[in-house]
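I have a structure I would like to understand better, so I am pasting it below and will then ask my questions one at a time.
A, B, C and D are the chain letters, set down in written order, and residue numbers restart from 1 in every chain.
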Amino acid sequence: MSMVFFKGGVHPEYQKEITSTLAIVKMPLPQKVVVPMQQHIGAPCELLADVDKIEKGTEVKVGQKLGDNKGFVSSPVHAPISGTVTDIGLYNHPLGMKINAVTIESDGRDEWDEAIKPAGDLDNLTVEDIRRIVREAGIVGLGGATFPAHVKLSPPQDKPIDIVIINGAECEPYLTADHRVMLEKTEEIVFGLKAMLKALGAGEGIIGVEDNKPDALRAMEQLVAEEDNIRVCSLPTKYPQGAEKMLIYVATGRTVPAGALPLEVGVVNHNVGTAVAISQAIREGKPLIERVLTVTGAGINKPANVQVRLGTLVTDVIDFCGGLKESTLKLIIGGPMMGLAQPDPDVPVIKGTSGILALTDEDVYLAESSPCIRCAKCVSSCPMNLMPTSIAQAAEHGDFTRAEKFYALDCFECGCCSYICPSKIPLVQWIRIAKAEIMKRKSK
Amino acid sequence: MRDIFRLSLTLVVVAIISASLLTGVYSVTDPIIRERQEKDYFQALEEFFPAIDQFETREIEGDRFDLVYDQAGEKLGVMATVGTQGYDGKISYNLAVDYDGEIIGIRIISHSETPGIGDVITTDNFQEQFIGKGFDDPIRDGEDVDSISGATLSTGAMIDGIRRTITQIGEDILGRERKAFDPTEIVDGIYQGSVEGTHGPLTVEVEIADGIIKRVDVIEHNETEAYFVDAYPEIPEKIVEEQEVYVDTQTGGTLSAERIVAAVEKALEGGPVDKDDGGESNE
Amino acid sequence: MIIIEEKLVVSSSPHMRSVESIQSVMTDVLIALFPAALMAVLLFGYRALITMVISIITAMLIEAVWRRKRDLFSDGSAAVTGLLLALTLPAAVPWWLVVVGSASAIIIGKQVFGGIGYNIFNPALVGRAILVVSWGGHMAGDIWPSPQPFAFGIDVSTVTGATALAAPEIAMTFSFSELFIGNIPGSLGETSALALLIGGIWLVYKGHIDYRIPGGFIATVFVLGAAFGGGFYGNQLMTGLFHVVAGGVVIAAIYMATDFVTTPVTPLGRLIFGIGCGLITMLIRLWGTLPEGVTFAILIMNAATPIIDNFTIPRQFGGVNKSA
Amino acid sequence: MNESNVYLQDLSRGIIKENPVFRLLLGMCPVLGVTAFLINGLGMGIAATAVLVASNVVISALKNFIPNQVRIPCFIVVIATFVTIIEMVLQAFQPVLYEALGVFVPLIVVNCVILGRAEAFASRKPLFRSLIDGIGVGIGFTLALGLLALVREVAGQGTIMGPDPDSAIHLFGAGFEPMGLFGQPAGAFIALGLLLGIVNVLFKRFKIQ
């Protein structure tokens, strides 16, 4: 167990026992999927209308590429089911806007694209090969950030990477998808890690798991016992342990400089799901067309960890899990701390969807906030060592220069401050406003 | 150039008009003001000395002392108009003393002590304890008069001020000799005496040999060091040099200096102490 | 900001909130003050109880009327202010004095600034300061009612004694255990360091107070007391300890200097605040004209809070010192 | 607008809409300094009014002769002259009040109410209107000082018409212990703040802008 602790953080009620013991179930093929052209950070995909004639009426097969972008920071999207393209146009997106998407009606046959075949033995692949396979498979960070994985595997020449961390912290309350993946796809994770180590030429692999998942820790440790360049690191349970900078600090003792990427300190980290996807892409040739997510919360009738095809509508997933209870008041895509509340369940599951959470009136806080009593609990809970109350106050007064002086831009919106605030002030929301305004002014 | 000339001229004219106006008003009001001030002062004198017929004013170091006579030309007493440094600025007051050197009354003219705390100096309760005290009395806090708790600075300042004033009246105006210790009349020996100081007792040891004050030592004190150094060893040296207990304590850490004098006085009032190791003191 | 669209609620993340609220925090503070209040009743009898009840009820009533709310307890901050004020008063003060003090604490100390969260000075101490300035005679200075342990019905105002801080020779008349347990003349709640520490431990355990403020405060008082206190009471270290347990340092350090609203929010700022309070307290005690200085020490440091906050902005995680 | 209306406005403006103390917060120094007793407050107000009216009249009369560049020094000389006259008159005929007002009488010279009216009104407007304005502002200033002093004296001393024991009327009997705070400058701030709050509420209620 790591003896290093990051500063701040909170201990919310984890509620993981609802689903942590439930094995991953495969959801049957949906009737219809909606595949948005942007499921990652970076340039959105362009529809492959010219070359592959993807248009209304086109028959597509599983794994067939639907959209791509030549930009480096971008990731292609593939057809998750076989069937007919029935619509191309704007569709609801979990981010709260409408985004160009391809709708496919299933033909029920689940026919796979002929081009899909295993890439062969890892030993025979070059670094370039691995990067190409990862890119072509459309793999992005499955923890939620959806940063294209191949970009992280291609560091600049002058920044050698010596450690790869697999993030199995899963610090968000309720979510257990990563937990189950670690238990059920342990071998694939380790294979994925090996592929990454090779692609980066890194010497050490660390698998970080929060100590509230002892079974996953044990499973991992057993598997890597033989490997001398891979170790499992038990992380103290504290939110947001899974945040990149906190994880790196606890697992390696290295501090990522403010405003910089982990590669600055020679570290790259990937989610466990990403490792599994990389393993599947190399060993089976399979592009990223499905993922595991946790459907949970008091509002879900039959909570479960389900493996679904990307593009499946959240409504269908919820139906599969027994539907919503009457008392459901809030539907969240992602975890309760950083997830996005949805006004409408008619949105597709995308690459970054780690969970669907339905909260009932008992869990949802609706009352007005009181004035700040300057208790400074937000200051002591902030893992980035910021002063959330001061940023929020500056933002409220429209003084964004002052907000920037309080390092508003370093906030990664973990939500600890809003969580802990006894006055129930929406601190994160104010900080988001400040960040957006500061960025807008900077780009001018 | 012409502009500046015009501007200056305007200012000069305005100033001249203003000055002449003020002169006019001054000439009217000044006699009235003077007359009123005299009247006020005389009223105060009358209050203390109802039999007053005339008075003679003396100024000593900026303080005013009025020697009061009755119709027969007999001296009735003295009223002093003096000031002392209080907690918050100067307290100025009249101190009336009869011809025997006993205090008749105190009248606070002006002060800026804290209302509700320091202004107890204006109350009869506080003032009455001085009535009848003469300059032979010690007039020291805790001996024959008391400061008021919570307002020790204001009342303490008054006590010290009154003691100084009455000593001055006695010596300079009434020409009395303060009862003094003639060292030649005191049995040789070592004397010890202590008085209450700022944070605790202040004790002195005095050695008298062959009718001469040989030495004065402060053997124990808890004074505020910064003030104490102004008084020690200066005051003991003066006592030895002048062979006089009541030396001038006006300079330096007045409070500490006065305490040393008071302690010496106390020591000489009592008998010589016998030291355990004997002998030494009489050699 | 909460938008209810049809049935589903949409709001900004996070979607979980801790159960802690202003009310629960204030309730915890009241619980923490209970040992001190109990001790006050045990030592000073029914007069202590009456003073505390009047003070709390006045504070809550005034606050409820001012805010036009029917809820008397509301967020609990008025009750805390009322109790804290009562604990700083002498054991036997006239009832009207308590009412005026409690009302001024709420009105002038808090509500005129805009209510909870906006006040600059600790309301209870504003109330106390106003009482001291207005009715110095009742508020004691050197002379306080002496405790009559376990004599509930006795009017304690009849027997008075000097505070241990008045002079070293008076301090010497109290044993250290008396000073620690609280069987000494002083204000209702300040005498028993033991009861206050019990409450303080509870507050630290609940995470409501930052150890830096009481730590800095008490440590500074101890160090300055040991260095400049004159070395009575046994030796230098005991003098330092004496300055901590005699008078109001413990209650001030744990309950008043830690008042959320009026103290800095940055960790370093809190340390500076605590040390500043200790420094001013000892300046007043050792070289000033009052026997005790905690009230004014905290009020002065309250005024300095925005400046302290401004100069102690912590560096963000991974931040580099610009001067380096 | 007819002529008498203009004069009425000139008079009322200084009392209500542009009350120097409650609306403009000018001349705070004597407001806080001498209002421990009603008599002192009123005396100060009347003294200031006298200076204000006199200087307004003189400055309005001289406005065409005084070159713009030296107008402020001239105003100050005029004001200082009247203040000195007032001071001497007070000392001669009201020595008790003179003692009580102390340093605040000479400080009338730099009271911004007076210089402000000279600059803003008297140096631009006709003589008679300046006179009316001076009276209006003076009454406003005196009323405000009187009101504040009344509050402070009742709360801080328990009397009215103090401090002279011959004229003082004790309102609450012998057992009353006045709130010493209001007798002190700190209490003046608090009392003024509370009065300002009440005045602002009233202004809002009656929609006076």
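Brief remarks on what is shown
Everything below uses one rule, namely that contacts are C-beta pairs under 8 Å (C-beta built on N, C-alpha and C of every residue); 3 or more make two chains touch, one makes a residue touch a chain.
Treat the numbers as computed from the prediction; the structure is a model and nothing was measured.
In a view that ignores subunit C, the other chains are joined by touching into A | B, D. The two chains most heavily joined by C-beta contacts are A-C.
Once CA atoms are averaged chain by chain and compared with the all-protein CA average, the nearest chain turns out to be C.
Each chain gets one centre point, the mean of its Cα atoms, and the points for subunit C and subunit D are 41 Å apart. Centre-to-centre separation of subunit B and subunit C, using mean CA positions: 43 Å. Work out the mean CA point of subunit A and of subunit B, and you get 86 Å between them. Counting partners per residue, subunit A has no residue that reaches two or more other chains. Among the residues of subunit C, those touching two or more other chains are numbered 133-136. Of all residues in subunit D, those touching 2 or more other chains are 180, 184, listed in ascending order.
This structure has the following touching chain pairs: A-C, B-C, B-D, C-D.
The touching residues of subunit C, when paired with subunit D in their complex, are 100, 108, 112, 130, 133-136, 138. Residues of subunit B touching subunit D in their complex: 3, 6-7, 10-11, 14-15, 18, 21-22, 25-26, 28-30, 32-33, 36-37, 40, 110, 114-116. Listing the residues of subunit D that touch subunit C in their complex gives 177-182, 184, 186-187, 190, 193-194, 197. By the touch criterion stated above, subunit A contacts subunit C in their complex at residues 6-7, 10, 12-13, 173, 245, 249, 255-260, 328-332, 336-345, 357, 359, 363-366, 370-377, 379-380, 383-387, 389-390, 405-407, 410, 413, 415-416, 418-424, 426, 428-429, 432.
In the complex of the two chains, the subunit C residues touching subunit A come out as 1-3, 5-18, 20-22, 24-25, 75, 77, 114-118, 207-208, 210, 260-267, 270, 309, 313-320.
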